[in-house]
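Below you'll find the structures, each written out as structure tokens.
What follows is a pair of complexes built around subunit A, which joins subunit B in one and subunit C in the other.
After this line comes the complex of A and B, so read on.
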């Protein structure tokens, strides 16, 4: 699964749930400070990612270390390699 | 009472409405003047009921909804959205400055039957289907009982008291009464107050179960809501919000605000014996207490905006109470023939229309009222009347045995 597919899937959550413009969604953006997600949004980001990728995240410590959008892409690149069902789901 | 113990007076300086007859207070009033109905066949509920029962849904403009910031909107169910849009209209009319909301001298009191009936249903379905993890972090905030109140407070940055008068169909009127009392007590100088509610199949079926819903399918659904009429078969479920800016009189005068009418007196009580059976004695007691609170003689009431929803027992009990308190010479009408029953919104939403009636000296009749039998002995106009309205009495009556009465006085 290439990174572009993951970027597209992750970005769709930020566009749909948080009404952000696609142009704002660059990897270096800090999710809280620059994209202005607050604590409720972070929970909804996790809910959205769980739905999109079909994998439980809320008890995964890795999601707590995410700071930038690029961190989310990296996490899912890693998870996709470990969980083939993610790749199947995005197809 | 000595001079310095006189009650502070409260006036209305802004009105907002979201209703099945349009999403502005003036639009609602104009539609009522034209005798239009907001009631239609709910084809989208046909699967749940097995036929097209009547209902009166609100239609929102997505562009208007999107004007509410995402971080407030995300925790709003439909009831809170209705309240937010109505509050925006009321605040705009009132001209309250944005920085005043954060002074601690502004309150927010909005009630609903439940925070969001549709959000509650969604949560139950998700739970039943094993999808609890799919629910948004915001979902619980949409269905909490005080959702409309805290969301509207957040919309405007209100930092004073935030309360929610959740007493089913008396919610809106209790909110306005509470606003009046907060101002009288000197706790605040202004309050955004009113009621909001949503209609869903679950809400309608709750009334159906109690034989209180006009549940037949009709080629003329707009004829089904028939308050005080001999042929009434129950209420038609509706939805909306009515939010008013209630403001201390001197404060309103100082800033040159538009003073639309005065909230002169208020009372609320309960029957203390039955959750669903209207109690004419306690309705009458509530009306008398509100008149006493306002210092108004029963003979000086020019018009009664009745609660009357179109149920067999409820309308007859209210008619009997009105007859006992005011006699048979005071004009009485119910706007639920046009609007259906907007539930927790009804008291404040109907008052939004009464404001237009007071301003223009107009009494709107009860739509679909043709034959009075068991509600006889009170004056029920069949046509629109021109008449000076100085004092109006508004009733709300709710499940739980709750009654509320507000006395409104034209401000000259």
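After this line comes the complex of A and C, so read on.
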């Protein structure tokens, strides 16, 4: 699974759940400071990502280090390599 | 001039507060004996009239406030979202004449007299409560027929640009299925400033908009989407109100 597919899948959560424009979704965007998500929104983001990728994130310590959208792409790129079921789910 | 201006308005406000609270002392004591729901509503009305009389009477020599209700009247209790430019917003939100419970940071609840009455009135302490407690208390207020006024910016902006909104109160509106009203307050970015100085006196404008109905709210996928929608609507209205105030000032 290439990075473009990961980016597309992650972005779909931000577009559907947060009604953000695709043009706004660039890897350097800070999720809290620039996209203006607060702690409750982050919970919504995690729930959306969990549903989309079919994987539990709450207990994953790496999610706490996410600051930018690029960090989310990196995290799921790594998770997709470790969990082939993610690739199957997104097909 | 700033010092003189500040001393004069604070002196008048203090004297008015003294007079008001001495006058309502007996009603406050009697209201404290009522059953909880009636007590809270009565206390909200006492706070409402304090805010209203301060704005309309005590501050009249200094500036005027033009209030306009474009909501068609608050027919169903809901969440009234207000922008927050300065410390006098807590008074200005009384203009729709609704016995509301305000969401507050902890400190106003520690003020002498007013803080006690606000606690009796069921004001919502957003800094000390978790989300579920906030929602449960909000539900009680709305069930009693009173709306809730909230400042989703969290702190004073002291400028014409709103701070980003927090999602909590919008999530409450979505989960409790209640309408959202918007109270736009313009002109008071330096009245007073963050150091509580009145750098100027100018007429203010307050406008009640909405409501966003349950259907419109349901169309928002998340509280984030709702808060951004409300933010955009209020930012547009405030820009218009600021322009009108600037135009009036130059005439």
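As a working rule, the second predicted complex is superposed on the first by the 91 of 91 C-alpha atoms of A that agree within 3 Å, B and C clash if a C-alpha of one lies under 4 Å from a C-alpha of the other, contacts with A are read in each partner's own complex, and residues count from 1 in each chain.
Rule of thumb we're sticking to: a contact is a pair of C-beta atoms (placed from the backbone, for glycine too) under 8 Å apart; a residue touches a chain by one contact, two chains touch by 3 or more.
Values in this document were obtained by computation on a predicted structure and should not be read as measured data.
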Which superposed partner A:51 touches (first subunit B, second subunit C, both, neither): first
First (subunit B), second (subunit C), both or neither touched by A:40: both
Touching partner for A:16 - first (subunit B), second (subunit C), both, neither: second
First, second, both or neither for A:59, with subunit B first and subunit C second: neither
Subunit B versus subunit C as contact partner of A:2, first or second or both or neither: neither
On subunit A, positions contacted by subunit B and by subunit C: 18-19, 38, 40-41, 44
Residues of subunit A touching subunit B in the complex: 18-19, 38, 40-41, 43-44, 47, 50-51, 56, 58
Subunit B - residues contacting subunit A, complex: 70-71, 74-75, 133-138
Subunit C - residues contacting subunit A, complex: 131, 164-168, 171, 220-225, 228-229
Footprint of subunit C on subunit A - complex, ascending: 16-19, 36-38, 40-41, 44
